[in-house]
Amino acid sequence: MSSSITAVPAEAVRSARWRRATEEPVWLKRSLIGLALAFLGLFLVLPLLVVLYSAFSQGLHAWAMAVTEPDALAAIRLTLLVVAIAVPANLVFGVATAWAVAKFEFRGKSVLISIIDMPFAISPVVVGLIFVVMFGSQGWLGPWLSAHDLKVLYAVPGIVIVVVFGTLPFIARELIPLMQQQGKEEEEASLTLGASGWKTFWYVTLPNIKWGLIYGVILCNARAMGEFGAVAVVSGRIRGETNTLPLHIEVLYNEYQFTAAFAVSSLLTGLALITIVIKSLVEWHDERRARRAAH
Amino acid sequence: MTSVNRTRSVIPGFGLTMGLSLFYLGLIFVIPVAGLLIYTATMGWPAFWAAISHPQVMASYKLSFTASLIGASVNLVFGGLVAWVLVRYRFPGKRLIDALVDLPFALPTAVAGISLVTLYASTGWVGQYLTLFGVKVAYTQLGVVVALTYIGLPFVVRTVQPVLEDLEAELEEASASLGASRFTTVRRVILPALLPAALTGFALAFARALGEYGSVVFISGNLPYRTEITPLLIVGKIEQFDYHGAAAIGTVMLVAAFLVLLLINGLQWWAAKRR
Amino acid sequence: MSIEIDHVNKRFGDFTAIDNVSLTFNDGELTALLGPSGSGKTTLLRVIAGLEQPDNGRIRFHGEDATDLHVSKRSVGFVFQHYALFKHMSVFENVAYGLRVKPRGQRPDKAVIRDKVMTLLSLVQLDWTAHRYPHQLSGGQRQRIALARALAVEPKVLLLDEPFGALDAKVRAELRRWLRRLHDDIHVTSVFVTHDQEEALEVSDRVVVMNQGRVEQDGAPERIYDYPANPFVYRFLGNVNLFHARIHNGVARIGDVALEAPEFAGYRDAPGEAYVRPHDIEVFADRHHSGALHARIELVSRVGPTVRLELRTDESAHVVHAELSRHRFQELGLVQGGEAWIRPAHSRVFLPDTELAAG
């Protein structure tokens, strides 16, 4: 758009009243931009600023105290443990599913894709409920578990499994359209050159999906760390034991420790910001590649 | 459900990846969901009906449904506007704003919740000015709407944006050359082209809002019959070990989510057909 | 290395891509698989490569059964229509790929790989691009890199799928002559798929014409062009005029014109169709030649050195296309809207239903 404008000598055609057929009058443009920015300022920028402001309002020292206090450290450790299991599990699932869906034709493919989307539409609370019904004392496996002295609910395994369920679609959904768009010609070329399936995946497929994969993992990671509703239901909120970071924030907030709550929140906010920065980088990379392919 | 096409592909790994995928989905998703549905089925119709039609539950449906609908509608209008502005106009900070649109998707809901309530409380940055006009947001139904608008914000923007980018300028130029005013062109040429994508985004935002918990509990105040959303009710029932009551309401929500997904699939099919 | 295709069939759902095809490609030959889209030529190539599995029938390389051999073990060089170069690898890495992915025992060492890649790059005259990436090259350059990459593993056969299909006309013409010269140097058994009859006729030692999954004709390019086996091949290899004729005792008659058709010696007053190429139509300004058809010149178009005429004969509702040199056209002094006499100099006669019976 911009290049076509600069290509025309500005004085030559642009009289004060001349306007492109696909353009609105300047006053309207400015009003629309203003309205959109006001909306985004109110709903995006202010909530972000409030977190950062409140986190540091008592100074850097208070912030550091809040995030290094034993319960906070326990919450950080638990959260890291949970994502260290959930993200790799969903990574393997995502790559395997995307490979099957993108490189092969089979009946029921669209049904499979719809099922992968479902955890996204299910309320986190219902996700928690599903596993309470599965593992709880009055649930399907509860009696058997307690007879064998196994704890799933109100313990780490329960938290891991609801997080896995809640973040199941993210990597697969990122990779499926990407790999479908790549087609399979490069893989076929690699095979005709004598490469095995694993080598083809490793040297040809993986470098091509690298950026989408990175974003999928980062997004999955952010969502896993921030998972709240489902974890709230199955964790039992045992301080220092089954509180993940979001639950710790809730506890602090409900105890009126607002600065500490926002200090811990600022950690997760930073993670969210990193996530969207990486998304922008991936998109920038894709745009560049699309431009290269077009030339 | 799935069956392999008879013709074998030279690309290896179908059995391995498909097997892994189905096993994982079965273990993590299908069996647990079926577990909930069967659990609900064991309670019998009268008990089920009593659990899901209790006045307090009915009030929560009404709130969840209405607030989600309002939130999604706000996003339909403003999300469409934001997408338009981001695609069509140039202004400083555009890239940054574009990236920030995804924030509600990446930010943990609990963080969003405490940040929104701080902002809209009667002493908050925004709340103190609204109080001057007698508008209360925090701990009211309006607060629920605000939270549900926030978490649904990215969807309409992100579904409409690519369609708007792909829209051929020739269409608009043709319309203008045939004598249509700019307003007519937008109404008769551009909006119809955006409709399927916008509705898909609307439905996604609505689906997300229906089930939302984290961002709402802090700002809503959780008053029974007034500001209690359905997911909160389920949490309450689980905490009282009323598994059957929770499962019954959870099943209603599961069915609602399934219906919205079906609607989204239909919309996407429609959008693809129109391309 | 010869390739033998023995009664191969391949269906995709209800669509028959290859219908019981048997063919042999001789050692060192460059063969063109020519046909319209959907004729099964690409599928046949992919079956030879092992990229598709035939429903039945066998593929043999030099007499040895290769039907169940996986594509990565077949030692075929395959050049894809859209190049399929690895986007994230440099030109050097692309060409070296086939050598680098060999099992550890068979993998040449680094210096050997380097020499080999550079030799191949000079063979395709692109050694200066070694450190570039595919997106920095033109289409024709990419296709030559794809060829070098396929040759790096010393394939026993070279298979090219519409190798010049995605290039513009001028580059296409240059590249196919270059391919011919390259093949004369390396002499590896090669099969290439094309829908462009000019390309097939110019480059190959042999042409196989395919249609609807079957082989319509198989032979040397000149033979295919001069003696098409059936109306399909006639129509597919360039423009052709169709005249309705009566066949009687080995002679086909179109109005006053008598054409020899010895293969129909036994026929008595049977309907026939005579196929004549535009440049095989002789055009005269006067009636003095016996056995010519009277026609009116409806359109004259000059295309470079040749002149194309659209004529309408007295008998026929069809337009007859004729082609002659500009020089000859001026000599005859023909004008648009004027009269002319035409006579087929070279033709082939078929029975009207041969097309259905063919193959």
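We call the chains A, B and C, going by the order they appear; numbering starts again at 1 in every chain.
To be clear about the criterion, a contact is a pair of C-beta atoms (placed from the backbone, for glycine too) under 8 Å apart; a residue touches a chain by one contact, two chains touch by 3 or more.
Just so it is clear, the structure is predicted and the values come from calculations on it, not from any experiment.
> Chain touch graph shape: choose line, ring, star, complete or other and state it.
Graph shape, chains as nodes and touching pairs as edges: complete.
> Mean of the CA atoms for each chain, then the mean for all of them together: which chain is nearest?
A
> How many angstrom between the C-alpha centroids of chain C and chain B?
Chain centres of chain B and chain C, defined by C-alpha means, are spaced 56 Å apart.
> As a quick test, compute the distance in whole Å between the mean CA positions of chain A and chain C.
53
> Cα centroid separation between chain A and chain B, in whole Å?
Taking the average C-alpha coordinate of chain A and of chain B, the gap between them is 15 Å.
> Going by the touch rule set out above, which residues of chain C reach two or more other chains?
Residues 50-51, 70-71 of chain C each touch two or more of the other chains.
> Going by the touch rule set out above, which residues of chain B reach two or more other chains?
Residues 10.
> Could you list the positions in chain A whose residues touch two or more of the other chains?
In chain A, 188, 191 touch at least two other chains.
> Note which residues of chain B are touching chain A in the complex, please.
Of all residues in chain B, those touching chain A are 1-5, 9-14, 16-18, 20-21, 24-25, 28-30, 32-33, 35-36, 39, 78, 81-82, 84-86, 89-91, 95, 97-104, 106-112, 114-116, 118-119, 124-126, 149-150, 153, 169, 172-173, 176-177, 182, 207-208, 210-214, 218, 231-232, 234-235, 238, 241, 243, 246-247, 250, 253-254, 257-258, 260-261, 265.
> Residues of chain C touching chain B in their complex?
Contacts found on chain C: 12, 50-53, 70-71.
> Using the touch rule from the top, collect the residues of chain B that touch chain C in their complex.
Touching chain C from chain B are residues 7-8, 10.
> Over in the complex, which chain A residues touch chain B? Could you list them?
For this pair, the touching residues of chain A are 2, 21-25, 29, 32-33, 35-37, 39-40, 42-48, 50-51, 54, 89, 92-93, 95-97, 99-100, 103-109, 111-112, 114-119, 121-126, 128-134, 136-140, 161, 164-165, 168, 184, 187-188, 191, 197, 200-201, 219, 222-223, 225-229, 232-233, 245-247, 249-250, 253, 258, 261-262, 265, 268-269, 271-273, 275-277, 279-280.
> Using the touch definition up top, name the residues of chain A that touch chain C in the complex.
185-186, 188-196, 199, 203-204, 207-208, 289, 292-293, 295
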